[in-house]
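Labels run A, B, C, D and E following the written order; every chain starts at residue 1.
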Amino acid sequence: TDLEVTHWWTSGAEAAAIRVISEGFQKSGNTWVDGAIAGAGGVARPLITSRITGGDPMGATQFTHGQAMRELIEAGFMRDVTEVAEAQGWKDQIFPQSLLDSCTFEGKLYCVPSNIHSQQWLWLNNAVFTDNGLSVPQNWDEFVAAAPKLREMDIIPLAQGQQSWQKQLMFNVLMVSIGGPELFERVYAGRDADYAAGSDVAKVFKAAAEARDLMEGSNVQAWNEAANLMISGRAAGQIMGDWVQGEFTQAGMTAGEDFSCLPGLGVNEYITAAGDAFYFPKVDDPEIIAAQDVLAGVIVSPETQVEFTKAKGALPVRRDVELRDPTPCMEKGMAILKEGHIVESINTMVSPDTVGRVTDLMIEFFADPSFSPETAQAEFAEIIATAD
Amino acid sequence: MSQSGKPTGLFKNLSAKIAAVPMVLTALVVFVGCSVWTIVYSFTNSRLLPSTKWVGLDQYERLWGTRRWLISIENLAIYGILMLILALVLGFLLAALIDQKIRFEDGFRTIFLYPYALSFIVTGLVWQWLLNPEFGIQHAVRSLGFETFTFDPLYNTNTVLYGVLIAGLWHTSGLVMCLMLAGLRGIDEDVWKATKIDGIPAWKTYLLVVIPMMRPVFITTLVLITSAIIKLYDLVIAQTGGGPGLASEVPAKFVFDMMFVSQNLAQGFAASSMMLVAVIVVIIPWAYLEFGGKKHG
Amino acid sequence: MQPSVSIQNLKLDFGSVSVLRDLNLDIGQGEFLVLLGSSGCGKSTLLNCIAGLLEPTEGSIHIKGQNVTWAEPSDRGIGMVFQSYALYPQMTVEGNLTFGLKNAKMPKDEIARRVARAAEVLQIEPLLKRQPAALSGGQRQRVAIGRALVRDVDVFLFDEPLSNLDAKLRADLRVEIKRLHQTLENTMIYVTHDQVEAMTLADRIAIMKGGVVMQLDTPSVIYNKPANKYVADFIGSPSMNFFDTRLANPQSPKVVIAGKDVSLSGYEFTRPGFSGDVWFGIRPEHIVTGEAADAAPTQFEVRAELVEPMGAETLVWSSLAGTSLRFRVDGQMPVADGDLIRVGFDPARASIFDKAEELRV
Amino acid sequence: MADVTANMQRPSPAHASGPKPRRAFSRNNIVIYGILVVLAVYYLLPFYVMLMTSLKGLPEIRMGSIFAPPMEITFEPWVKAWSTVCTGLNCDGLSRGFWNSIKITVPSVFFSIAVASVNGYALSMWRFKGANVFFTILIIGAFIPYQVMIYPIVILLREIGLYGDLGGLVLVHTIFGMPILTLLFRNYFSSVPEELFKAARVDGARFWTIYLKIMLPMAVPIFVVAVILQTTAIWNDFLFGVIFTRPDNYPMTVQLNNIVNSVTGVKEYNVNMAATLLSGVVPLTIYFLSGKLFVRGIAAGAVKG
Amino acid sequence: MQPSVSIQNLKLDFGSVSVLRDLNLDIGQGEFLVLLGSSGCGKSTLLNCIAGLLEPTEGSIHIKGQNVTWAEPSDRGIGMVFQSYALYPQMTVEGNLTFGLKNAKMPKDEIARRVARAAEVLQIEPLLKRQPAALSGGQRQRVAIGRALVRDVDVFLFDEPLSNLDAKLRADLRVEIKRLHQTLENTMIYVTHDQVEAMTLADRIAIMKGGVVMQLDTPSVIYNKPANKYVADFIGSPSMNFFDTRLANPQSPKVVIAGKDVSLSGYEFTRPGFSGDVWFGIRPEHIVTGEAADAAPTQFEVRAELVEPMGAETLVWSSLAGTSLRFRVDGQMPVADGDLIRVGFDPARASIFDKAEELRV
């Protein structure tokens, strides 16, 4: 059967990863109809929701987990795959547990997690430091301390793309890493506005203001262009998710030797265990339903997971798979996962609307040096007060 | 010869009415219907899906308390006014130059018109490129030896709109030129002769005689440019993504992001309703004057 | 006296098309010259050359003794009135009149004086504040004339100024222009293809055809002694009746029409002694009927084929010697289709042209 | 017209005295051509850069200026953009989208123009009561941002069962093309002498006969304008193309977006530029070939109020 | 006999503007009726109502006894010829002629027969394959007539068919239309604002003003006995001279002009015994000069103020009793501005209207 799968994995590594799934799926005798659309937020999401609500659903679709899908599930547009999960005993294998939790609605499982991506990393180009007679920083504070020297050498301390999600990512990474996981969860999950306005969070905003200074001169749009600044030595570091590794690898750099990675910015080594997931719209055709079940199985199957995570540079969603040729950074991540140093993703804690408002605030804050951290914090607290 | 009675109102011009059904349906169902639908749902708490949980004016209160929305409106106003003026001026200037019975008229006209054949997405991408300080115009000029030359409008909050404007003008002014050229060619030769005999200099003739005579052309042009300005979205997306900061956000993008990224339909509906109201307030009186009472021919 | 406008060897080509060919024309001070000719004969082109709106290929134009061949239109001391009025539509009448003056930075009171005078002459005082769109055709045309008037020019150029107007208005404005000329005593060059206008307005008429002047003379000479068949045929409505015949000139000149000898003893020959194939032309209005016919030197009997009553007179279409013969009878005279009518004419009033060159003999 | 210029600029004959006539390169002309050339550079620059970049290899792009012509011309980016660049799993470049775009553009242009021309004709010749109200609504519709309409239209199409169909997309293009095109046709037909319409009615022609036999053949210039405008608009459309179709029908612009926005290591600018140019080939060709007709058509009535 | 076209109580409003007001008109079978009136008086509107192209607000229209007020234009048995020709530009002449017949699904051979006949009558056989753009104005107009001709209609409607043509062609086509009418013997309704056309073509003329018919009668009656001052003024070029005076009618009617008693004993009164303020009108062509003036019942001496030579005759503008007086003299008579001329007229040929209602007395 033909199964149309929409996703926004169009870059080289991503495409290679999706090929793993599609090949695994096609082994079952079904056909994978690829519906790739570049650009997650702007283009793919309206398309996917329109298709589903418009009565012309695809067979399966990639989506970030979280509250984004909740309404579609509530409205009965999505199929639950509880049966497949139970039959294949996902509960025991899928790790961490939160992955399944965020797919669960009223006791039923509505999505299949495919991989884990963590965001809280500071990446550093070692050569930039050593060449300038600096030691490679081991945490955020050292990094900040090294910045003035870098500036003298006409090097941008911290690279950063201009896209809005990167600003949001940056801020929330600082929140987890500088403020700590409790703070993060108290603000978003607990929606404690008073706390958000308090002195603990103020530290985070101070750090954000520092980061803002460090990023000055980083005039690129995309995250990988920012990574390129770093690779080429024009910038020293970048705060970005683990997917950025692929860029280093492609540039022929080796983790540990040519570049360093500091999870939790070397301060609070906690990472988000969120990632991508596949959802299955409700359809009538039994053949398609069967194909959906097959795909669900293929995605979490150990064979797929090994190849897939390798291709994508992500962490697997099962505890029982061994990474093949993991980089030191991936091993660090795996270790943190195993320790359970996990924070929930912002997407599962608050609605996309709230995320959007935080994002807008951060866009402004990071773009405008005269935007004081105090004002930003006050506005942030207000958003938290009305968050949902 | 038939001896029929006076046909009743409905059957008069029956074919014409049948033929107009698509138009009537479009006008009523799509433009009116969908607008009303949008307005109605702007009073709800719709998120990803339309819901009927009424919240009164909450969405509007929030909208007008959102800085991004206010910035978007301000940006559109600045961009719109500048675009209107500059597109008309540039389009007219081009048309006037081309109308001087020049050689290679076809060539010049094609050069000025071709950008219109390209999409806003392409326009935005190319100009993003050209205005990129790393390898665009600034880079090229610097490599000629002007080390301090700075031209990076897209990376400066204060100038980013002008960067977008450069691209927008590049795209649209050719069409304006075409319309203006058609208008100029439609002007009675004798009027030109009369001004020559009166000894009026050319610029004065254009300003005081020709332009006032081209009113219908200006109106058509105005409709075309204005409708494009209000919809401004693709260009911004491709060129700046709304940045730096919120410096090049526009209402259409606000609506889109609200509806599909933040998944807050109602907020998007509220924003679009405001745009709609603004359009109607401006357009209806004008459209009534222009198209309402007009006789044939 | 020096001519007001003098045109020498004027040639103008549009690409490969010669529109004016070696044209010479002298127009006296205060003269009213009408350029008459059928459509496309180059009248407007010539006028535009004089105005400086077209540059001639060759030749020169002098106005008041100055060579203005290459001067700017506004520096030539001319004013021009167009068929389409060419008023500035968004300005008031006053604005139209003063636009050129203001542009020339004339003092305000002088402008006001001139406008007042022009408005008075043209009787458009009550219209000064109106826009052209709110004027009738005749009023517009008057404003267009006013625009030339306020500039106090030596030479007025008119390009078919009345042809957009209806017959009645045309007749009225014709008289006004004539009066204007008598008042102002400027030189006027007036293009038309309406011969009534030409005849009534002109001191002299230049009949043009294909870029050359066929005849330049007073209306009466043009009407009574057309220099060639083209002019004879062109002037007069209905046009001249032509008989294809032979001029025998042994001792006393005569032609034969419908078998009858017609003696030309009273005819003023331009080329005495000519003999050969000729066109013998006689105007419909020189054909008389009734008692007058009996008294005429030459008489025929013809059958009325079509009768067109026109009020004051009636036009009768008949034929003679295989040629259609038109003539007029008094409007009160009862004529019906098919009636036999006795007609006569005086050969002295005829116009005769040789067939080879179609020039007057 | 060109002939006139040639003549107006002819130098004065030897025997004519007085001030010299204007010459071919008077100051006036230098200013005119100067401005035109400067402006032409502004308009051509992006095209030039796109073209040059698309002919360079990646290393050269990284090194050199974007304005420098390629040292070594390579057509590889073009080949890659057309046939091998990947979007997701499909590695057949833009070629697939090209045919999809044609499949979308041809019927959409046809139907939108057909409907709009009938509207314009009905509005100008058969004015019935209320016609102008609908027309005014249409014109206002031209100003409504598409985003406002997407959601309700998805619902609308779902209700009539056209969602996801090519038919649905054609319908959407017809609807959104209607305001401007109707305005265009209405203005044009208003300039057709009413007497022609009367003569046809006396000749016993009714609504459709008059439209097909009399008006249609006369409206060729404005049809050219409409076809050009509409082809460009539909070919360049992205939003509707992606929302109202399935992946196997995605137009070229969607693929272009995928190629350009795919984030992989170093951006392949040359391929992106080649893809951009390729996606613009059809509208560009139309403009290059029929720009003259376009201006003439607009002059023939599109601009008459 | 039943009238061919009968219009009863026709009213037509455009919005709040009444264009036709309670109009009644009966047109006989085979009659040539001309609707004459100044611009905007509603002539075209009336014609469009008859053709079915406009729907009247009130009233009815009968053609050949049938009520066609609401019938389709093509079902009325009418053919219409327009001022702008209105030929279908993309069809050949033949296509233009056959379009209506094909619409009516007429058999092919019948179509061919009719086209052949029309082409013959109008002498356009050689043009059949051409496009209208390749025809001259006169030829186009003939094709436009042909389009009505092939449809074999009872009533021909003409809306200023000649006013786009130049004077010469206009005169020729006028004659052709007259001939056509004589051949076909259809009813023809012909709109014009050119009075020469009206006078020469019409069996009867309806003079319209502001949506009502002012007078409906034969050309000769309209010319000689206009029913009211409007008609008197409208017909004739130059128009009638009017004197503002008083008709005293104690025993023998008379008026006073420039101090002289003018006896009206020869005048045919419409309203005998009337006395009061009147307009005394006399046509320029009824004013005689020279010997004839001496013989006229009433004589004056006037000074020529403006002389317009028009070839066959000369128009003289002068004034009498404060009123402008126009008259014609023979073209051969030498008259110059300022000459004193003796003029006379026969009061029997005058037209007199009461000042209150401006109706003929």
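For this structure, a couple of remarks:
Keep this in mind: contacts are C-beta pairs under 8 Å (C-beta built on N, C-alpha and C of every residue); 3 or more make two chains touch, one makes a residue touch a chain.
Source: prediction; values computed, not measured.
Path length between chain A and chain B in the chain contact graph, taken as the least number of steps between touching chains: 1. Common neighbours of chain B and chain E under the contact rule above are C, D. Looking at B-C and B-D side by side, the one with more C-beta contacts is B-D. The greatest centre-to-centre gap from chain E, using C-alpha centroids, is found for A. We define each chain's centre as the mean of its Cα atoms; on that basis chain D and chain E are separated by 54 Å.
Between chain C and chain E the centroid-to-centroid distance comes to 27 Å (mean Cα coordinates, whole Å). Once the centre of each chain is set as its mean CA position, chain A and chain D turn out to be 40 Å apart. In chain D, the residues touching two or more other chains are 4, 8, 150, 155, 257, 260. For chain B, the set of residues that touch two or more other chains comprises 256, 259. By the touch criterion given at the top, residues 48, 51-53, 72-75, 78-80, 82-91, 99-100, 103-104, 147, 151 of chain C touch chain B in their complex.
By the touch criterion given at the top, residues 47-49, 66-68, 128, 133-134, 152, 155, 157, 237, 241-247, 256-264, 267 of chain B touch chain A in their complex. Remark: chain D residues 1-2, 4-5, 8, 32-33, 35-36, 39-40, 42-47, 49-50, 65-67, 115, 118-119, 121-124, 126-129, 131-132, 134-153, 155-156, 174-175, 178-180, 182-183, 187, 190-191, 194, 206-208, 211, 232, 236-239, 253, 256-257, 260, 269, 272, 276, 279-280, 283-284, 286-288, 291-292, 294-295, 298-299, 302-305 touch chain B in the complex.
Against chain A, the residues of chain D that register as touching in their complex are 86-90, 150, 154-155, 157-158, 163-164, 242-243, 246-248, 254, 257-267. Against chain C, the residues of chain E that register as touching in their complex are 38-39, 166-168, 171, 174-175, 178-179, 182, 193-196, 199-200, 219-220, 223, 235-239, 283, 285, 306, 308-313, 315, 317, 331, 337.
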